[in-house]
Each structure stands twice: as C-alpha cells, then as structure tokens.
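What follows is a pair of complexes built around chain A, which joins chain B in one and chain C in the other.
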Partner chain A sequence: MAIPNYWRSIPQRYRYEAAKCTGCGKIFFPPRIVCDECASRSFETINLSRYGKIVTFTVIRIAPSQFVDQAPYPIGIVELNDGIKICTQIADCNPDDLKIGMPVRLEFRKISQDGTPGIIQYGYKAVPVK
Partner chain B sequence: MAGIVGYGAYIPRNRIRVADIAKTWGADAPSYERGLLLKEKSVPSPDQDTITMSVEALRNALQRAKIDAQKIGALYIGSESHPYAVKPSGTVVAEAINAIPDCHCADYEFACKAGSESMFVALSLVEAGQVEYAVGIGADTSQGAPGDALEYSAAAGAAAFIMGKTNVLAEAVVTYSYMSDTPDFWRREHEFYPRHAGRFTGEPAYFSHTIGATKGILEKAGMKVSDFKHVVFHQPNGKFPLRVGKMLGFTPEQLEVGLLTPTLGNTYSAASPLGLTAVLDIAEPGDQILMVSYGSGAGSDAFIWKVTDKITAVQNAAVKTRTLLDENKVYIDYGTYAKYRGKIRMNDNN
Partner chain C sequence: MRDVAIIGVGMNKWGELWKQSIHEIFVEAALEAIDDAGVDHIDSMYVGCMSGGLFNGQEHLASVLADYLGVASIPAARVESACASGGLAVKCGILDVMSGASDIVLVGGVEKMTDVSGDAATFALATAADQEYEVYQGVTFPGLYAMMAHAHMHKYGTTSAQLAAVAVKNHANGSKNPLAQFPQLITVDDVLNSVMIADPLHILDCSPITDGAAAAVICSLETTKRIDKKPIVKFTGFGHATASIALHSRSDLTTLTATTEAGNRAFKMAGRTPADIDVIEVHDCFTIAELMVLESLRFFEPGQAGPATEAGLTQIDGKIPVNASGGLKSKGHPVGATGVAQIIEITKQLRGEAGDRQVKNARIGMTQNMGGSGGSTVTHIMEVI
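After this line comes the complex of A and B, so read on.
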C-alpha cells in the first residue's frame, strides 16, 4: 500500500474511528461524506468497540509472500459490539479451534511491511477472548 | 506528590521451553535450567514488535488510569528493539491512543535500563509541572544469537506507566541513578545480534551497579531493607536477582511477587517494569516497593514507590500480569521459534 494511502487511514487502523450520522445515527466505518440513509452531511467521530464476535471465517493456507511466516492463518468477518462488521485477520489461534460466534477482541498488530527497507504498516487483528 | 496513576502489561502468548532450545544445540537442558533458574520464555508472533506490545500495555494502563489520553503531554518508550533505526516508535503508540498532537515524544535506548529511563523522565516532567500526565514504557522483543547463552533467556514483553499527580496509585517517594562506563553487553550498528562479555556481565556489571543503586537510594531516603514489602530487581535470569537480593539482605519473600523471569525470560527493557506491574496487581495500601533496574553499558535506576488506597479500585480494571504470564499459553518448537524470530535465511522474494 502506498504510504499516503496508509497514512490517511491511520485513525481507522489504529483507533477504529468511525463516523456516526447526527441525523439518523447510522455508523460508517470507514467514514463517509454523505449518509446513505438520510443524506445528512453531519457526522460525529466515535471510536468503535474493540470487542465483538466472529461472523464467518476462512483459513489461508497458501499465503502471499509477505505472510508465509504466518500460514496457515484465518481471515474472517467480525461483528463489533457496535454492530459494525469488519474484515480482519484472526491472530493468536489454532484455526481448528475457531468457531462462528466466538468472542474476539481487536489487538494492535503489524499488518504488513514493504520489504525489509520499507515502512511497517500497523493496524488491527482479532484475537479470541478466553 | 507525583507517581503512577495507571499501569499495564503485555506479554505475547507463545512460549518455548529452555529444554527445547538446549535439545537443538546439543546442550544439557537441566544445567541451563538450574544455572539460569529458567524454565521457558515468551516469544513474539511475527506480527508483534516493541510498538504493538507498547500499545497494548498502554491501553491496559489507560483502563486503570481512566484519564483522557489527550491530557498526556509526553510519551517515552525505552527499548533495544525499536522496529526502526530511524523513525520513532512513540509516534505510532501516541497515535494509537489518540495522545496526538500536543505531546512530546522520544525513544530511549540504554540496554535493559531503557524502560526505567522512560519512567524516570516521564515522572520528572510531571514533578516539574511541565505536563499533567506523562507515559513511560519499557518494551522489547529481544534477540539472542542462535546457540548463545542469551538465546535461552531473550524474551518479549511490555509494561506501561502513566505518571500524574491526581488519583495516584503509587507515589514516587525518591529516585536515584547509578552508572559508569562498563562495556559488558553491546550491539554495534548494523549488527543483528548483541554481544556480551561472558562472566564480566556479573560482578563488575549487574551486581556492582544494582548494589550501588540500592545502597544509594536507601541512603538518600533514610530507609532500610526491612521497610519494603516488595523489591523488584532487573532479572536477566532467575538467579541474579535472588543472589543480589541475598547480598543486600532482602528475603526471598520480598522478591517473590516481582520475579517473573523463571517462566517469562528476560524481557530486557520491560524486565523490572513488568515485575513492578505484577507487584502493583496485588499490592495493598501503604506497601513500600523498591524497584532497581539494570542496563548494560552500564547503569541502574532505582525508585521507591509507596502504594496508596486508590490501588484496590483499579487492580481488576485491566488484565493482571500473572494472568498474561500463566494463562492461555501456546508452546512452540524450535523450528517455529526460528521462523517467528527471523532466524531462517529466506530468498529475497520472500
């Protein structure tokens, strides 16, 4: 990912900042300029919950070159307690132990790096809550 | 009086047993386990580093402090494993907790003393009235060369402390630092693994500075060893802190709670700070705690903390250090450990 693109998304990647429509209350993650529910352009910034549950997942066994040291690893859709669904890697788990509905928590992790000389990109991954 | 208003720990889930490292190198596992008083150590996953662990430890500290992160005026991270040679770790951590942009930030390095350095400076800024709150973090994903004695102990973890003057959990009674130019352990620029001077790391280095700092702070405070409920020394292995404690007249009971190394390993900059978090997790109002770090090169920072009656309300507000250490562990073999720690030579396109 290009550095400016990554930099622009830091509030979402690091702090889970979302936009809540002040007109109808709908939450957008990532934020939008216009609410697709009520056409309002007025939003307040909120931080999404770090807790949620697994809606569905799949296991990546043949990984892209950047992720071979982590294979096999699950990627899933997680529904946060705010009702927002996000796509994220699920870390710190044995893929065979994962179950739909399992409670998870978002942790701050390295997502990728631009080779050994490039920047390290950070963000969130879901981790099962015991 | 200024002191700790929030504290938090983070320890990765992976563990490798000393016996599995010894088996790989044809070494005698029981002699290493006895010699180092070490059974296993923590290992970071490939997606964890000093920055990610610092963020998680600080989030736990914020859960206890219950303060607005925007009021944090300074944030320091001490580590010998900052992910970048040039680019601060602290800016990432400050962004993650939303302490930007009104925040002073720096990364510290002083071998295993870098964490207590960050605590010292954060505390000093608060005491001076320069900032309302300041953060000091010790974090490391330390490396030992394959087969070297350090490989048996080099571990990963982070501890974060928020310093302030209101709702203080542990008051900083007095601080003292002791240092000299003693080249017992180092890593030159562009070198991957650190080097050490073998047994020279003991008497003239760890023991001399730890004893010097302890005697210095006791004299400065007008206190004696029996005044403390708990004492936390730097813990490069399980043996050194017990021996230095005995030399200074402390009892094993005073060291017990803060001694994590036997099942954690040496978390370098996070070692004595993590020990302090374990003590604060069970401390009672009025307890006096002595903490003495040690960093090769060499020096020790000493702190005397007095626990207040605010502590009991926050101990369960975030995960406890012993829970992170003792529960939900995953044991990995040496091959997985070597892969996770980047010890396997790969093709360039990987």
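After this line comes the complex of A and C, so read on.
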C-alpha cells in the first residue's frame, strides 16, 4: 500500500476511529462525509468496541504473495458490539475450532509486509475470547 | 423511445490464448459479429474491459480497439464495472440506440488475463473488492465468496454437494459448447476431492482465468426490416444496480441486493416475472454465486436453489435451464467479456442455434452479470418477436 494511503488510515487501523452521524446515530467505519440513512453531513468521531462475534469465516489456503508465509489463515467478518461489521483475520486459534457466533476481541497486530523496500503494515486481527 | 434488436453475435474459442494480443482477440470476435449481422458499418462502439491497465498495461482501450477494427473515427467508449463490464457495455449500447444518437452499435467485451503471472492476475481481480478494508486484511475473491457460502450453509443448510452439483451441471452443459475453455465432464466427487482454495470452496467451485472476447451488433427495430435475419431477437427489459463493494458492509451476507434490484427493474420494464423466463445465463463465478443469484432473482425461495440444483431443476431439460452455455465455470471467465457472452448465448438459444445444448421452445431469455462480490449487477431480458 502507498505510504500516504497507509498514513491516512492509521486512525482506523490503530485506534478503530469511526464516524457517528449526529443526525440519526448511524456509525460508519471507515468514516464518511455524508450519511446514507439521513443525508446528514455532520459526524462525531468515536472509537469502536473491540469486542464482537464471528458472523462468517473461511480459511485462505491459496494466498496473495504478501500473505503466502501466513497461509493457511482464517479470515472472517466480525460484528462488533456497536453493530459495525469488519473483515479481519482471526489469529491465535485452530481453524477447526472456529464457529459462527464465537466471541472475539480485536488486537493490534502486524498484517503484512509490503515487499522488500515497502513498509510493514499493521492493523487489527480478531482473537477468540476464552 | 425506440425498440432495440440484436442482429449479430461473435465469440472466439476461449482459453489461454498466448499467441494473440488483446487487440486480435477483440477484433476477431467483433468481425464475426459484424459478418453475422450483415451490416456494412457501425455508428458507435462500447467495450467492457475490467483492467486493460493491470492485465496488459494498456488503457485508452476504446480507441485502440476501434483503430485495430478499422473503424477509427466512430465514437467508442470502454466501460468498467469489474466483472459486470460486459453487461454494462450492452446496456450502454442499448441506451445509445434507444436515444436515437446511433442506429447500429457494436457492443463487446474483452479480457486478456494470461499476459501476467497468476499472482498479478489475482491482484488485478482483487481490485474489484475493497482495497483498504478487505484486500488489506488478506482476503481473496474466492475468500469473499467462501464467506458467503459459509453464511448460506449456516442459515439454510446448503451443502458442499449442492455447490458441487452446480459445477457438475455447468461442465455438462459446457461439454456441448465448442467455444468453452473447460468442456470436460466432472462428477460431484471430483469437485469435493479437488484442492481446497478457501473453505468451503474447492478449486472446481471456482471459475477459471481466461483470455477471450465476445461481441454483438445491436440496432433499432426499424433497421431490422432492411435486414434479412429471422427470427428477430429484441431486448424487452434491462436493469442495473449497485451495492456496497465491501461484503462486510451488507446487512445480509446470504443475498445479493444489487442482483435483486437489477432483476426487478428488468422484470418491470419487460412486464415479465421469473415464471415467464425460458432460459437464463447467470454469473456463476463461484458455485455459491449461482445459487445466491437464483434466489436473489426469486427463481427459487431463499435456501431452495441448492436442493433444486441437486434435483436437476436447473438442467437444460429442467424447470428453468440455467447456464446452458456452461456458465463462467466451464465456458471460462475473461471478466470483461462474460456479460456479452451471456447475451450471445441467449441470442443463440432464442434463434434455435444452440445445437446440442438447445433449450426446447426458448422464447424468452434473461442474463445476469455481476461485478465483484455483488457490488454491481446488470440484467437483460430478450424475446423472440
């Protein structure tokens, strides 16, 4: 990923910053500048809950080159307690033990390395809550 | 507004066409369509191509292709909606004829995917997903459809064998299509024993990487009176809709809202319902996609497309024949060309020219062409006059 793009998204990747519509309360992650529910253009910044549950998942066995050294890895859609859904890898688990509905929390992790000259990219991964 | 007919179709044998450039592949299909139509000129051209830039390092494609086709000077546009680019080109051509701006229009699609490595092709295709919040995390296209499949199985009890039945049926149909990339017959066990790509999708649940082009000539219905071509096939409806490209932003992971919307718009325009459709080509980029599309268009109730496929209802001689051409699965999936190839198959079916895969008494056909994991869909309904 290009460095300006990575830098722009640090508030989301590191701190789960989302935009909450001051008109209707709908939450957007990543933030938007117009609400698709009430057309309001006024938002406040909130931090998303780090806890949620698995809505669906798969195990990536044939991975893109940046992720080959991690394969096979589980990845899923997690619904956080605020109702926001995100796509995230699920770490520190045996894929065979994962189930839809399982509680997870988000942790700050290395996501990938952008080739030899590129930056190390960080962000969130879900971890099952024991 | 004017009625629009389809008077010529052309498509090459799809596959790994290392000896041919993107220009040659497209021009071959376009010339065949022009010859089939029997016209001496075209007024304008629309070409669907997802990523000439990433696959071939070539943008500005509409002018390149018009030049190589020998028609430079006409207005030509390349349109992009990921894997729905071809369907979108057809829709743009219809609007051009309807408006009266053009009378005879070439609509085509092309993708030359084997000029780059498998990894580069995977990257190019993944640009149809949300780069920042899906691809960044390590998801792949099979991974996105695998997550839909898992959610569908969890909600409705859909099985891997039902998914496999889609692939088996489409390869059986493709074995009767001389232009198909993978005409081989396969069994449910072949699918279930093939290598796992992203659970629960095996490699035989996935459509392939393909080079290919498809083209059609469309014109106003008045113009067909000057052309000796029977039977005449006319567009009676089309629909186009968008949805979030990020799968995780959708409220229900087991349905495709853009497909439902685009379907409803086409049904309404044509004054038809799913029960009226004799033959349909749908976007089976993965086996689960065919099931979800059939449910989203309401050919089957939610959760019922899997059992229906297993029971043979979507075979060529079934209640609603689906992907008689072999679909993306067997025919191949050069992404920009797919939507146009669907139109070609329905044209052949309605003209009664589909050979061994002919659906009996096909008079009303439909196509559904989808971008990405469902972020865009274009539908068409076509009928014999």
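Just so we're on the same page, the second predicted complex is superposed on the first by the 130 of 130 C-alpha atoms of A that agree within 3 Å, B and C clash if a C-alpha of one lies under 4 Å from a C-alpha of the other, contacts with A are read in each partner's own complex, and residues count from 1 in each chain.
Note that in this section a residue touches a chain if its C-beta (ideal position, glycine included) is under 8 Å from a C-beta of that chain, and two chains touch if they have at least 3 such contacts.
Because the structure is a prediction, the values reported are computed rather than measured.
Participant: In the superposed model on chain A, is it clash or fit for chain B and chain C?
Facilitator: Aligned on chain A, chain B and chain C fit with no clash.
Participant: Given the touch rule stated above, what does A:38 touch, chain B (first), chain C (second), both, or neither?
Facilitator: neither
Participant: Once the shared chain is lined up, is A:111 touching chain B (first), chain C (second), both, or neither of them?
Facilitator: In the superposition, A:111 contacts both chain B and chain C.
Participant: Between chain B and chain C, whom does A:120 touch in the aligned arrangement: first, second, both, or neither?
Facilitator: The answer is first: A:120 touches chain B but not chain C.
Participant: Please work out whether A:60 is in contact with chain B alone, chain C alone, both, or neither, and reply first, second, both or neither.
Facilitator: A:60 contacts chain C only, not chain B.
Participant: So, does A:9 touch the first partner chain B, the second partner chain C, both, or neither?
Facilitator: After superposition on chain A, A:9 lies in contact with chain C alone.
Participant: After the superposition on A, what does A:24 contact: first (chain B), second (chain C), both or neither?
Facilitator: Neither partner.
Participant: Check whether A:70 is in contact with chain B, with chain C, with both or with neither, and answer first, second, both or neither.
Facilitator: A:70: touches chain B and chain C.
Participant: Looking only at chain A, is it chain B or chain C that touches more of its residues?
Facilitator: The partner that reaches more residues of chain A in the superposed model: C.
Participant: When the two structures are overlaid on chain A, which partner does A:88 contact: first (chain B), second (chain C), both, or neither?
Facilitator: After superposing on A, A:88 lies in contact with chain C but is clear of chain B.
Participant: With the two complexes overlaid on chain A, what is the closest approach of chain B to chain C, counting only CA atoms, in Å?
Facilitator: Minimum C-alpha separation, chain B to chain C: 10 Å.
Participant: Which residues of chain A are in contact with chain B in one complex and with chain C in the other?
Facilitator: In the superposed arrangement, which is not itself an observed complex, chain A uses residues 65, 70, 111 for both chain B and chain C.
Participant: What residues of chain B sit close enough to touch chain A in their complex?
Facilitator: 13, 45-49, 51-52, 55-56, 59, 83-84, 87, 92, 95-98, 327-328, 330, 339-340, 349-350
Participant: Contact residues on chain A for chain C in the complex?
Facilitator: 1, 5, 9, 30, 55-67, 70, 73, 75-77, 85-89, 95, 100, 111-112, 121, 123
Participant: In their shared complex, at which residues does chain A touch chain B?
Facilitator: 10, 14-15, 65, 68-70, 91-92, 94, 107-111, 119-120, 122, 125, 130
Participant: In their complex, what parts of chain C are in touch with chain A?
Facilitator: 119, 122-123, 126, 130-140, 142-143, 146-148, 150-151, 154, 195-201, 246-249, 253
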